[in-house]
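Letters are used for the chains, namely A, B, C and D, taken in the order the chains are written, and counting of residues starts over at 1 for each.
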Amino acid sequence: MNPNPIEALAEQFEKFPGIGPRQAKRFVYYLLSRGFNEIDQLSLQIKNIRNSVAQCNLCMRMFSLSLPRLNRDSHNTTNTSENSINHSVTLCSICENKNRDSGILMLVSKESDLEAVEKSRAYKGLYFVLGGTLAVLEKEPEKKIRSLELINRIVNATNIAPTNTNLNPVSEVILSLSATTEGENTAEYIKRILKEIMEKRALKFNITTLGRGLSTGSELEYADTETIRSALENKK
Amino acid sequence: MNPNPIEALAEQFEKFPGIGPRQAKRFVYYLLSRGFNEIDQLSLQIKNIRNSVAQCNLCMRMFSLSLPRLNRDSHNTTNTSENSINHSVTLCSICENKNRDSGILMLVSKESDLEAVEKSRAYKGLYFVLGGTLAVLEKEPEKKIRSLELINRIVNATNIAPTNTNLNPVSEVILSLSATTEGENTAEYIKRILKEIMEKRALKFNITTLGRGLSTGSELEYADTETIRSALENKK
Amino acid sequence: MNPNPIEALAEQFEKFPGIGPRQAKRFVYYLLSRGFNEIDQLSLQIKNIRNSVAQCNLCMRMFSLSLPRLNRDSHNTTNTSENSINHSVTLCSICENKNRDSGILMLVSKESDLEAVEKSRAYKGLYFVLGGTLAVLEKEPEKKIRSLELINRIVNATNIAPTNTNLNPVSEVILSLSATTEGENTAEYIKRILKEIMEKRALKFNITTLGRGLSTGSELEYADTETIRSALENKK
Amino acid sequence: MNPNPIEALAEQFEKFPGIGPRQAKRFVYYLLSRGFNEIDQLSLQIKNIRNSVAQCNLCMRMFSLSLPRLNRDSHNTTNTSENSINHSVTLCSICENKNRDSGILMLVSKESDLEAVEKSRAYKGLYFVLGGTLAVLEKEPEKKIRSLELINRIVNATNIAPTNTNLNPVSEVILSLSATTEGENTAEYIKRILKEIMEKRALKFNITTLGRGLSTGSELEYADTETIRSALENKK
């Protein structure tokens, strides 16, 4: 580690997504301008962040436990309003919500995608967070996204969450990925493995993908052929 | 006019859409660097552009006549491969194409929108070019867009183009406007007047709008609520 | 040439500096929306632009003749307020201005650079327009910039403009090029050939370059080493 | 504080310079993807940053102490390679460097400006960090920048750092501020108060400002009048 504390901390911030050396340095000087209390507070929040979240065994998302827990070992014993943990099963508020349609499973690549969909209040099924996307010609896809966990989620849901009595078998999987090259490449890969397990396990469910069309703000003049085609198919 | 010819020409280019004083000046210096032949050629093309296009009486679009016509008066007498003009009716290649579904009418705001849709090869009906969009609270909409011509097109098509024997009554109007505030505002206005003429004229046709959804390149994380809602409705 | 007049004209506009296919198309539709008079006017201005400017024999810049001349052959006979042409010598208003210091020669790459300097009213000498810049490793520099004309200007000025009685021998050459790689590369090349002619012709004049430093709007934090060095040397 | 730990931490990151809600959220998910060790390390570095830096009594800059000190009270007793602290005087490595010209004082608005100048290796005098800039019509300038500390630095330097035997009286003050409106406004204000203390205290020193000119990368065509004027004055 850099012996110079300012440089050393700046190097940490440089690892943050989208942060270059200059902004990293500015973060450090910003902190130096704050009071000890504010700095200690931030330091504590960072220290506890991993303990104050849990990973849902069903959808694999990271979610906040209402009460930050300072003791790492007590992980699976607390019980909070936002999630129920028993028999060492951790479920997020969405996965344990009996009012949601547990037969529909939407695949998203990351938590922030899930949040965007929740914000729209347009979806009432469950989710599965893949944890990434696949670049074209990705050598080891199963290391980039949770493909094995996905299969397990679809096949063994009831074993994963035996307590979740209202968990229906998956009848539809919605591929909810960005309309980008990586997103489409990921969708192609997922479709392939989903079809495989349908055969192997004699399962049957629909595989759907989000509709394409003009997204808010886009101008017809600049729309590409595929967007226009879909916009026409989806006219209403 | 500016007595300085360089300044005077720059001022003309400044009127071009999206061109500022500096680029206008650069255009002039660019021309000064070209040969006399190239300059004369450009000058001639500009002089003839209005004569080398006609406006379709049905869809109102400007379209190229294959052979530039140098005599303005001879306007409605030539007959070209790309359009047929007789009995002083001017029709573009799309409006006179008997293989297109003349019962479906897509409304676009400008020629370049129409070209984008044609490029997608996803549409086989006819068009009508509104010639603009409506800002919110637009005082005189009928001066900004061809609303009267649109009504006439829908009601009197057969009178406008008596020779066009295959012209069916409009069964569907597709509002094909940009997913922008102006586009949506224009769509609202058009819907209103279309419903009026349906009542007045005891006409019946469907009014549809292009489907919304993720357009190519857009990321789920940044998609707004309406886009996500539509993308979900249009999933397939 | 494209048989479709709209496409054909768009292709001409595409050659304009910084114009892509879409904007070129928009230019055409813009023209189609103008009246015949305005279009004819523009067409005429373009047709005459080359005749309404002359190239100064001394500084090589293109400059406007106050009265556009429609007859190309009468080129060197007119006499206008802004320039005097006699004995077939064409001089621009700057080069013939007896109040400017004709011993100082500023080299710029193009007319718009010259205009920026004139606008600053900070320079009272003469100019020479190189007509371009040199990319690194440029094979044939003398084809990209007026290096031969420059030498001729410095050595034979009095022969070029015998009538210009107040033309002093060059005592200083100011290299006024952009602070870019191409600009610096061009400056290096010019310095080399200027030193050569000083030797060959036993001439003596100073070669200077514009001062570096913080340009208006630039922030110290982001200034590169060379800019800061110069800013310090030039502190006052 | 937001009861949701993820939201709460995101809100902290939102306070960082130039960070919006989305990127703040991404920072949190980034941390959640790291190991406990890395997170604890970052938390510790942040906790200690204020203790691992000191503020130089002479130039007012924040600088790293080579060994982070965990005990806040022991602040003025440690002695490190990068700075000497005794008789409760804290000096940074630059201010205590006997090889630098202590008679020249450069005023910069913030640490990162100072670093940019140091990086250029073109300056051998001392610095004073104003700690900010002044917006036009700033009501309470002395609260935005260290104007009082600056006066004290110039007048009482030897009292501030009695141990610094090689501290010469200030013979030149270099205003090293950005070439922006705020920077120039700050420079004007500083000049005024510096002239005041020269009168009051019967002191005499030069006040200089960084030279203007073409900064690396800027094109002559787009240079403003003041930049061109300076570039001409500073030609060499």
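By definition in this document, contacts are C-beta pairs under 8 Å (C-beta built on N, C-alpha and C of every residue); 3 or more make two chains touch, one makes a residue touch a chain.
It should be emphasised that the depicted structure is a prediction, and the values quoted were computed from it without experimental measurement.
Superposing the C-alpha atoms of chain C onto chain D requires a rotation of 180 degrees, rounded to the nearest 5. Relative to chain C, the chain whose mean Cα position lies farthest away is A. The distance from the centre of chain A to the centre of chain B, each centre being the mean of the chain's C-alpha atoms, comes to 43 Å. Averaging C-alpha coordinates per chain places the centre of chain B 58 Å away from that of chain D. Each chain gets a centre from the mean of its Cα atoms; for chain A and chain D, those two points are 41 Å apart. Looking at chain A, one finds that residues 22, 110, 112, 221-222 touch two or more other chains. Contacts from chain B toward chain C in the complex involve residues 3-9, 12, 15-18, 22-23, 25-32, 36, 39-50, 52-53, 62-66, 68, 72, 110-112, 115. By the touch rule above, chain D contacts chain C in their complex via residues 108-110, 112-113, 116-117, 119-123, 174, 176-180, 183, 208-236.
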